[in-house]
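This report concerns only the one structure given below.
As written, the chain order gives the labels A, B, C and D, with residue 1 at the start of each chain.
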């Protein structure tokens, strides 16, 4: 790892939607944050040479490759970033770990819990990251701060719905997401994993789950929707719903927390806002504060634009990367990492088990 | 029953919050609807004489009584309206039925399914009503019309949350609602019953349920919150949540339906609105219609005020009563009646069974 | 005036939409408030006998009359309530005042300022009221309280829009509202008068105005829309807009105040809410509080239903009447009265003058 | 101009907030759009050498300069982009035009109309652009399309408010914006200019204006707020309000249009949404469509992220630049250009004249 030079050469494996989001983050992070490293977009790697070359040309990668095995062992590569389809995560991550690289990987981390554990074990001594990017939505980071400050108080309810509608559209691209061998699961791994990661961050350990998985589409291999009830270690209870069949919703990653002192509500389709209820407001003016999370006093936002100028989806990747590089320079642990993703994977496995058995299941 | 005279003498048993809402309906229904009957507010009956007399004086009941047994058998009474605490519903209803009265009863109908069935059996040949008043919120009646017209299409998801917060407030009145012997249950009978009644009306039969019941408050006899997952006969899946611990929410009786053609969203705290998504709108302008349900073309609203002038909570009782009297005059069945309430009670029992067993339960 | 008996016999002149709203208030006020008087719905009076009789039958007036002149001088009438078309207000009010009655009158009070002054002079020693009912929307009364407590601070901006759309619909009833001889003006007297009355209550004296009046419809006698800029005596500045051509809006009586310490936002189509911004909230959670104004601690609402149960349009008349009767019993001045309406009328005249001259005008 | 090489060397004069937004656009435009040119970030120029060098380092400009006069005449520069304070726009633009450069300039274009006309004349034969970036908010571009398709119909009302609150905060940076010699005006040039540019694009020529300008802060040289009423050539009427004293609002660039067939509503604080009312929807479901403007069928958005993934403020600059480069390659006129900005400047001058005279003024 070229630490002394403070340059980091990046190889990205994959070039789809996530490849664009990651490329953007690698390029933009240094514009908005003072970085301890210079990131070099060394190589982008994908099965289809023309597509990889188009990606390289558009986003400024120095070169395009098609053979990830040779890329991840190259001595001039410091960082391997994985955004290939889910079923490839493990082998790429293991090989990169074997080669001693910094490993960044898209979510869901693995096809199953066993694989996830193996991967986490492989990278344990290496800097690593899983792209649960929504932790760094400024409004969600603010939610975490408020929870940490006790503004919500003892929690009673956690409620998460991740609602999309494209599963009902047969013309929609991204077909690998419907194949069990490549995606592992449907709404569960794609959407519920995000909701669970946020729940773990905001409300702690989940001790029990009962669930229902549903495939509405004939002959589809993966779940279109998944529902779950949960118990948390802190005594609160939760409902979770992730679906690709919520007509009218596009990317409604939503959660609410109700506690003894307050409540919090977030919706990714309105991601620069956080609704905050404070039971300690004067009685006559109690009501959810509609907070535009773009202020100088909010997490991350002062790095972007002045107050009142909203940010978009891609900034969540930029903020994630900035924090990761900061931890890297300070030699501090970064979250969410592979171990954090294992916790999510345990829950996904419990959800699947419960959906089969019809019983409450402990992860 | 004094049908020939077209006068209906009403006796109301109970004088709490619901007593006021019912009194208001008996008085107001004739102002907004052309009625086939004249309603006479004959007697209000309650344990505490002073309170009953105050109620009579304030709302214009001809007299106050304290002994419901003698009232329900009086020959000058045509209608017995029950809004006493839940544990009294059955005995009053049975006695009134025995005396051949028209029987109106608050929800939840009964303390348990057996009791509900017995009550339904008793009133089967008599006109009867259960005050699931939210069916006649104009926006909900519009939702029903839209579902009926196929505007939602094949349903995928049903999602209901009934969120209140007063359970956490020890100073709040209505203490009988926390006692198992009087209320039967907590959030389940009080709130979830409403959500289930609406779900049955809007989305049909529920075939299976798994649930969790929670009491946050030490020594409280009833549930503070109840969660459930369900399967519907039409192939859709549902989540239900009812709680008195949703800090910041006061009366958020909320539901959403997602179907192949559209979606619907309702929130009682904004009860003059319905959000309607239509997948057949032109692509560029697809988005939930924010419908102010006060128009000449909407259910019930032309009876009240001109378009744009909103109605309040109590109008739902007025519209319910108007429909009931109309059915009575036409000798047509009215819904929701005791049989409909039995269906809700079956589900409540299944919810309780599942909460104990941890398994999916068929009602 | 039959004060010793504490009964008040009411005669209502007019039987349209406002006649229904007033009848409702006379009937309902005693159900929700402890009244110092018993109101007797003695007679309803209107040109068309059949319509007057229908009104009497539906709402429980003891009798229907067609000759207002004879009604207002009857010795068995204590209160004359005027909701006839605008051009009749003056003569009825003057006759009722001459006969020493309590006089209640719909807005706009008069056809012009001279008439309004004459009317105010005639009733000066008599209890009197003008039905600017929106002052008693609980959320608006809360706004007034907050302004009074200094929660808004030194005001900078006042912004009012009263947006309806029915002016564009030729089929809409209420044709007298388009005739200059009966209505006096269009959107100005009908809608802007409400906005100005609220502005005077919430933000004080208006010292100067410039305006534009517009009639979109060929051959229509009255204004379809009116716009105005204003200066207030307290140093703040205002914009006003009232129109019957705001497609998509039904009864959007909206205002905002921005001051040094906070801001307030109200919309009649969502009339149980008030948005309140408090600059003194902690920096990270500053944002408009979305206040559901149905609480025990809010103005008027504890008289109606428990927290979270919203009220409708007609309750504003009930609350107005309750306050009026309370003032009457205590022999205290009530607002808004005819003198208050004269202040509105001065502003309407200034608006008309400015619209003709194109210059800033002092009322 | 280095057209044959298809490379464009850019010099940016200024390095404040706008310098960052422009730098971002120059870097990002090629990632999201297929460009006919390669943009080279040649030099950034500003008075303070250290600041200019920091800017160059952070955003990848090849070099930093402090003397704009020498920069704009350099033969290796193709594009001069001006984001220096307002009072410098004219001299830099004139010099760049003299040197035959492509000229891009921030808004407001000039300190007064005469200056604006002189600048427009100077660049007439050169490709030029004024950064009225909000025209390319996807939701606003959609609004323009809908207006063009007749979805709003004959317009009645145009209503624009641009509400910020930082003018009341003495600690806020950007002090030059309060100095008349550098900024020219306050809220008028900074905010109202945006609202007027959008109004001209969406609703056409403004024929008359009456206005009020207000400075709340003692000793402040520029206006804190400006209000105006307008008449449009198409027969509709308008209200405009721009202020830095709207407590609680951060960047609420808002407009509404009401026409015979529909209505449109936009708020920059929620910039990925457009509310669209269509009078031709079925009566029962009429209501504003809440359109999340991130779809494949919406303007610009398919270049960014998949449906449901929102964009931020800076994308408006990227889309503006993409369109400009496309026009440049096709040798087609681009809007908004200096001539378009002259039209805005005419209106600003009319607003100032009217504010002084108190009369309606024709631009």
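Following the convention adopted for this analysis, contacts are C-beta pairs under 8 Å (C-beta built on N, C-alpha and C of every residue); 3 or more make two chains touch, one makes a residue touch a chain.
Note that the structure is a prediction, hence the values are computed from the model and not measured.
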Labels of chains that are neighbours to chain A and to chain D: B, C
Per Cα centroids, the chain farthest from chain C: A
Chain A and chain B, separation of their C-alpha mean positions in angstrom: 42
Approximate Å spacing (C-alpha centroids) for the pair chain A, chain C: 54
Where chain B and chain C are represented by their mean Cα positions, the distance between them in whole Å: 35
CA centroid of chain B to CA centroid of chain D, Å: 54
Residues of chain B touching at least two other chains: 249, 286-288, 292
List of chain D residues in touch with chain A within their complex: 17, 20-21, 23-24, 27-28, 30-31, 58-60, 164, 166, 249-252, 269-272, 292, 294, 304-315
Residues of chain D that touch chain C when the two form their complex: 156-157, 159, 161, 163, 165, 168, 210-212, 214, 216, 225, 227-229, 231, 235, 237, 239, 241, 243, 245-249, 258-263, 277, 279, 286-288, 358-360
Complex interface listing, chain C residues touching chain A: 142, 145-146, 151, 275-276, 278, 281, 283-292, 295, 297-298
